[in-house]
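First chain written, first letter: the chains are A, B, C, D, E and F, and each begins at residue 1.
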Amino acid sequence: MRIVSILENQNIDKRIAITPEIAKKYIALGFQITLVEKYGEHLGFKDSDYKELGVEISTDETQILSKANIIIQLGLLSDENLSNLKENQTLIGVFNPYNNKEKIENLSKKNINVFSLEMLPRITRAQSMDILSSQANLAGYKTVIESFANFEKAIPMMMTAAGTIPAAKVLVVGAGVAGLQAIATAKRMGAIVFATDVRMASKEQVESLGGKFLTVEGSENLETEGGYAKEASEEFKKKQEDLLAETLKKIDIVICTALIPGKKAPLIIKGSMIDNMQSGSVIYDLAAVQGGNAEFTEVDKVVVKNGVKIMGETNILNKLPVSASNLYSKNVFNFVSNLYDKENNKININLEDEIIEKTLIK
Amino acid sequence: MSANLSAIFYLVSGVLFILALRGLSSPETSRQGNFFGILGMVIAITVTFLSVGSFSSGLIYVLIFLLVGGLIGAFIAYKIPMTAMPELVAGFHSLVGLSAVFVAISAFLNPEAFNLGSPGAIKLASLIEMSIGAAVGAITFSGSIIAFLKLQGIMSGSPITFKGQHFLNALLLFSILVLTYLLCSSQSSNFFWILIAVSFLIGFLLIIPIGGADMPVVISMLNSYSGWAAAGIGFTLENTALIITGALVGSSGAILSYIMCKGMNRSFFNVILGGFGATEQSASTGNKEQRPVKSGNAEDAAFLMKNASSVIIVPGYGMAVAQAQHALREMVDTLKKNDIKVTYAIHPVAGRMPGHMNVLLAEANVPYDEVFELEEINNDFANADVAFVIGANDVTNPIAKTDPQSPIYGMPVLDVEKCKSVLFVKRSLSPGYAGIDNELFYKDNTLMLFADAKKMTEDITKNL
Amino acid sequence: MEIDPFIFRLSIFILSIFIGYYVVWSVTPSLHTPLMSVTNAISSVIIVGAIIAGLAGSTENVFTISNILGFLAISLAAINIFGGFLVTQRMLQMYKKKKKDK
Amino acid sequence: MRIVSILENQNIDKRIAITPEIAKKYIALGFQITLVEKYGEHLGFKDSDYKELGVEISTDETQILSKANIIIQLGLLSDENLSNLKENQTLIGVFNPYNNKEKIENLSKKNINVFSLEMLPRITRAQSMDILSSQANLAGYKTVIESFANFEKAIPMMMTAAGTIPAAKVLVVGAGVAGLQAIATAKRMGAIVFATDVRMASKEQVESLGGKFLTVEGSENLETEGGYAKEASEEFKKKQEDLLAETLKKIDIVICTALIPGKKAPLIIKGSMIDNMQSGSVIYDLAAVQGGNAEFTEVDKVVVKNGVKIMGETNILNKLPVSASNLYSKNVFNFVSNLYDKENNKININLEDEIIEKTLIK
Amino acid sequence: MSANLSAIFYLVSGVLFILALRGLSSPETSRQGNFFGILGMVIAITVTFLSVGSFSSGLIYVLIFLLVGGLIGAFIAYKIPMTAMPELVAGFHSLVGLSAVFVAISAFLNPEAFNLGSPGAIKLASLIEMSIGAAVGAITFSGSIIAFLKLQGIMSGSPITFKGQHFLNALLLFSILVLTYLLCSSQSSNFFWILIAVSFLIGFLLIIPIGGADMPVVISMLNSYSGWAAAGIGFTLENTALIITGALVGSSGAILSYIMCKGMNRSFFNVILGGFGATEQSASTGNKEQRPVKSGNAEDAAFLMKNASSVIIVPGYGMAVAQAQHALREMVDTLKKNDIKVTYAIHPVAGRMPGHMNVLLAEANVPYDEVFELEEINNDFANADVAFVIGANDVTNPIAKTDPQSPIYGMPVLDVEKCKSVLFVKRSLSPGYAGIDNELFYKDNTLMLFADAKKMTEDITKNL
Amino acid sequence: MEIDPFIFRLSIFILSIFIGYYVVWSVTPSLHTPLMSVTNAISSVIIVGAIIAGLAGSTENVFTISNILGFLAISLAAINIFGGFLVTQRMLQMYKKKKKDK
């Protein structure tokens, strides 16, 4: 069984899918590995590091792919490379099947097993393969670091002989995995952190990290109707918006992480709210690619509105590629281990297994 | 032996008993305390022999019975498993009760020997004292028997209640008074026998409505009764040792049951009156079948940890909710001061976000080299004395290893149950994120500490 | 001017109750179980009464009902005394061992 | 009395010397103020904000300077502007008199009072004017934020389902004001922080912030000879270097802040040490302008040596201009208050006052 | 009144005295306790009147003297400033001692009235008891007088020692025994007078070598003596109330002085034997002139803060060195639970780097709205009850406001001294960064808490 | 079989010592000063002896030395009783007030 991986388009993604640490684990399980040359060099993993472990390094992408049983990537391969894939090969990565429907259908037709890992069910057993969690977690962290770096004031409170610098106020919109890590990171730095989410369960979670949850008056009535706030009345939404607008006036940094799986990101920070924000504030929109939670978000651009910097990137993890690759490759390894039938040395596509069933794209 | 001399010796033995109880104020002095108790007893018995003076041939029988009893007692003491302590104490109580009854009867039948007048013309005061001794002794006896049976599992541990129970009890207690009055005015032995019979009945009725969980309180209460019985007999026999000891045991038992109720957060009167407690309990249980858990307080936890040589801390989401990280750090510092090795075991998905626990522990300045991930530390549980699980639940649930049906099947879990003792700090028996019950709560080596994590940790620190 | 000895006994009784009260509060909770078994053992000082009962009466007939009851009471109390103290000893020994372990 | 200030060369310095908050204080003291137009706009202070307070805004720099009694700047004015200054005007700023000797001598000749604030004596009374402390403090903070943003891994320890990210190890060289703040900031973020300094007193200070001080074996003997370690023997220096080299092997981020007043910064991180560092590590050299504490430091460039990024900027405070300006202007205000004789409405150059005596450049 | 009845009443008053002391276990019940004490006293006195029976014309004098004494007592109680409590108690003790002596003499002179035999033929036991009562009473009297004089400042507070002091004391104590023996065997009143005289001397000698600082312990010890004296007289008079109360006061006083010694970290025997303590003290002082400071322990600090309605925390570099921020937060949490308003005052240059304190307080999760900078909070000190200065020094030094020569002149400082009380937590009297002495340490409203900041804060929390 | 009342008194004495011991340990340290003044007040129950002394002897001559000493002792003890209890009351009042303040 041969596992291979080639480099992504470096403009889009600097992450890699197999770190030396994980390569070692594959080999221990009995796999052969081939990687393209300079696979990890930009992250400080030298080809020699891989070779020492017994990994084959090759220059020819086509040849690499042709030998492969399993191909592990982050995003889809280039069209050319895709067309070279053969029957019974297995392709693992994050392929966004909604947007790349056609390409993937072609592969399926060729009897290529395509596993797209963002489809993993969020069951406990799949936690160790959950690339969404592992990457969102890092994204949440990095967003805070980036926005702090772009903020022209200091974050923590400092009472000094030359006057007091007040603690910066950070608002985290959406308290999922990324949001929670953002809260934690901002809090560590000494910021005063507020957070908002539609899931009521997140209030406790936010508070467990020392954040303040923006609770809408009258929200108690809502909670009884069921944990989720989706079914919120118009009146409630109005109240929530008012609260947000009011809060934003004193907020220095906004971290947007609100997403709805499979849909466009909800628009939460309206233009009128931004108008009322202090000049010099920063909005970092992690949801930029899905449309953004803030009104003027543009991907990979810094939009300045009324003195407020609104930022968002395609892939913030490009700024944290080493950690991101470490976790990603570990996730994939766990996934492959689950897929692999060691006794018979073959990929065992057991559709009874929810994990395999949900990720396999048919 | 002169009456004065023996009175002094009785006083000495009373004082020794006081010292015996005092010794228990700390584990260091406790064995010395027990020794004082034994000494006091030896003195009391010896003095009695010497002061009776008339060494009738009965002496030999006395010695024989003493020996036989002693041997039986010693045998039981060595054979009984430590876990059966509550039953044992209950059983022993019944004996004290019964012997009080016997002594009272004996005195009633042969008052001259005790200097109480002659049969049919016993001194009024003595008659009253005697009745009290006999009645309380009888109540102690039958009550202890029931407690013993309940604890042994021979009788169902669940409370047995019926309508009018309290009324009946009140009636019987009142009848005791009446019978005593009649006895005193008529000196007729019949009333004495009825008195004793009714008392047996009362003991029985008092204990059956009390649930198994409350038995420790009951035992302590019966202990108290046996003390009062002894004191009653003491007055009859005009014996200082008996009076001192009886009062001592009587009041200490009563206070102890009060303290225990407080520790269990139960109302003293509900427990003692019985039945009331039961309804309350069943209400909170709902109709769900509830398995018994061992629950303790901060003192128990502190004691366990103080005597451990290594402790592993397992934090979970509850620690984050309670923001108990600082208090936890404080507790660990105190443990370390006592030369106890403490490490933290972090489960990969503890909390609600990746690295949740790390954030909090770092905030509390926990050194990184004390923090271990699951794979590094999972084998250490078997060698550790105590696992202190604070607000974690799912991440310790062994069902993940055994039941493929369970939603968390396949998740690696921390093997806390391999520790000698497991302490679980959480507010209730309610499940964690995964919504499933945790088998560990009901295990023998688990002690549940029901409280907010921060509060409990602080309390434990205070007790260390 | 002579005071009835009963009053002295009453005083002694009442004072002892206070001592019992205080003594228990000062016992560490972890020793509550040994405490129970010690108090249990102590309360069988009633054996004093049993011995008097057993030896009471004429020297000839040692088997009046009163005496027999006394003998029985002696046995019962003796079980308690030996059992109680020994079991306490065993329990306390346990505490000691634990301490040494580390 | 008129106080004026014009913009610095924006390429070199974005800070300003008079914020609206401080302008108000000057006016309350009885000063008039004139500022150049758009003086604070880049920091979010609008001209209208100043005007509301009674500040005059003007477009003509020459005119502004000519009207002035006191001119408050950060760095020296352009040569042209300097030549326009007149007798009895007072110029306050940070002028680096060692490097700008000639220019300042010219000014003195013209009977212009030049106060250079970095010359302030470090006495308790001068603490509130101590621009070195206030700016170094912010620099220390920002250096950490910048180096974290440039580090390709996550800083805090995270034990996750996808594996553990170890806590990053940070070494702070020099535990002065900047160094201590850097230690505090890195520590907050969850890094494991080491620090080194030649002043023995700094050990306790480092530990008071939760950092670990690199103690050289045998240092106990040294301490008795006097608090400072300058007089250290060669043998001791060797030991210290070995310790540092050993430590650096596992360090992820190095923050350099070691300075010796009026001298070139000491070279502490030698090339050989950098060779042994892990690829992907970051060295941020705050001492870059004074020559740097690391071997390959180049100002305003990112030098990559053996996978180690070595960075250093002329003025890191340009990335934190708002906070820096707030503190700077407050410092200067305190200085001016001390200088100003309110009763006679004049500048009172009392050479008995250590603060005035030391800062006045003759 | 029959002897039995009065005995019962005496018992009741004894029990009431026990309850009086018991009431002091918490401030809530303390006033009730005092009431029990008064009640017990009223009962004892009334019963005595009733039981003496023979209402001689002396009764009127008794009442007059009682009234006069009562008025004087009440007057003193109302007039005395609260700060003079120690002197007052010492003074009162001397009275008890003296009255014990008087009663003993009276009984010796007129034994018939007390049922002790006739002059020259007093019952042996009574004679011994009487001697004990008189001797202890006399010691109490003269000892208390000395203590009173020392505390009032009439006599120098410093210990007065001379060679052979301990030997002399031992000799005198031994002579008491001899005198008692001689008295018993000869019934000669001379020995009795000598006995009393020697006892007065002993009291005097026992107290003069004890330093002023140890006086509270001494007072409690004298309290104990007065109890023993009362018990001695109680035996003489065969009075249960006196016996119970005497023993109660005697043992409680002894234990109290032991507890106080422990609290002050002094050896009980050193204090009681006197003189030893003194040498130790002077050694530690060295030869540097040292001004007196008031230093306290965690309990004192806890007590002050518990009774405050607002507390301002002033952290400084020492808090950072001790890493006491978490412990501090814990303490503040506890204070807030007691409804005490707590705020933090941050001096701009507290610590060793700008914002030093903020970093640490944020780490301990102190809410930002409780943290104030100097200008915001400096006026609040005047209205606060307690300033808790933890490891800060220079930033509170008022010399910055007054002495232009001082290196910190001109620096704004926190006006902590305006608080009702100032607590300074630091390890010693050594200066801070600026190297200058801080006047505040020696102020009247300052209490120094010498310890590591973390340790002290934890201890205070325990005592809250 | 009669026991000397002295023995009873001794018992009472000893038991009271125990109570004194325990009672003090349970007093909160902040109340140690009131404790001292209360025990001081209580110890003047010696007034009982003083009254007996004052009233002792023949009804005619109430001024035997013995009586006079009694009277003096009464005064001294009375000072103590009133002074002691009242001053305690004042101290405890202070505690109460402080509590209320907030």
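We take it that contacts are C-beta pairs under 8 Å (C-beta built on N, C-alpha and C of every residue); 3 or more make two chains touch, one makes a residue touch a chain.
Because the structure is a prediction, the values reported are computed rather than measured.
Chains that touch both chain A and chain D are the following: B, E. Where touching is counted per the definition, the chains common to chain A and chain C are B, E.
Residue numbering at the chain C/chain F interface overlaps substantially, since over half of the positions present are found in both copies.
Of the two chain pairs considered here, B-F and A-E, the higher C-beta contact count falls to A-E.
As a whole-number value, the distance joining the C-alpha centres of chain D and chain F reads 74 Å. The centroid of the Cα atoms in chain C and the matching centroid in chain E are 40 Å apart.
If each chain is reduced to the centroid of its CA atoms, chain E and chain F end up 18 Å from each other.
The distance from the centre of chain C to the centre of chain F, each centre being the mean of the chain's C-alpha atoms, comes to 35 Å.
Counting partners per residue, chain D has 127-128, 133-134, 137, 156, 158, 160-163, 165, 188, 190, 210 as the residues that reach two or more other chains.
Shown for chain F are the residues that touch two or more other chains, namely 2-3, 5, 8-9, 11-12, 14-16, 18-19, 23, 25-26.
Among the residues of chain B, those in touch with two or more other chains are 14, 18, 238, 240, 244, 323, 348-349, 354-355, 359, 362-363, 365.
Listed by label, the pairs of touching chains are A-B, A-D, A-E, B-C, B-D, B-E, B-F, C-E, C-F, D-E, E-F.
By the touch criterion stated above, chain A contacts chain D in their complex at residues 43-44, 46, 127-128, 130-131, 133-134, 137-138, 141-142, 145-146, 148-149, 152-156, 158, 160-163, 165, 185, 188-190, 278-280, 307, 319-323, 326-328, 330-331, 334.
Within the complex formed with chain F, the residues of chain E that make contact are 13-14, 17-18, 20-22, 24-27, 30-31, 33-34, 37-38, 40-41, 44-45, 48-49, 52, 54-59, 61-62, 65-74, 76-78, 80, 82, 85, 88-89, 92-93, 95-96, 98-100, 102-103, 105-107, 109-110, 112-114, 125, 219-220, 223, 226-227, 229-231, 233-253, 255-256, 259-260, 263, 299, 303, 307, 309, 339-340. The part of chain F that touches chain E in the complex is made up of residues 5-6, 9, 12-14, 16-21, 23-59, 62, 64-67, 69-96, 98-99, 101-102.
Across the interface of their complex, chain B is touched by residues 1-4, 7-8, 10-11, 14-15, 18 of chain F. Considering their complex, residues 3-4, 7-8, 11, 14-15, 18, 115, 238, 240, 244 of chain E touch chain C.
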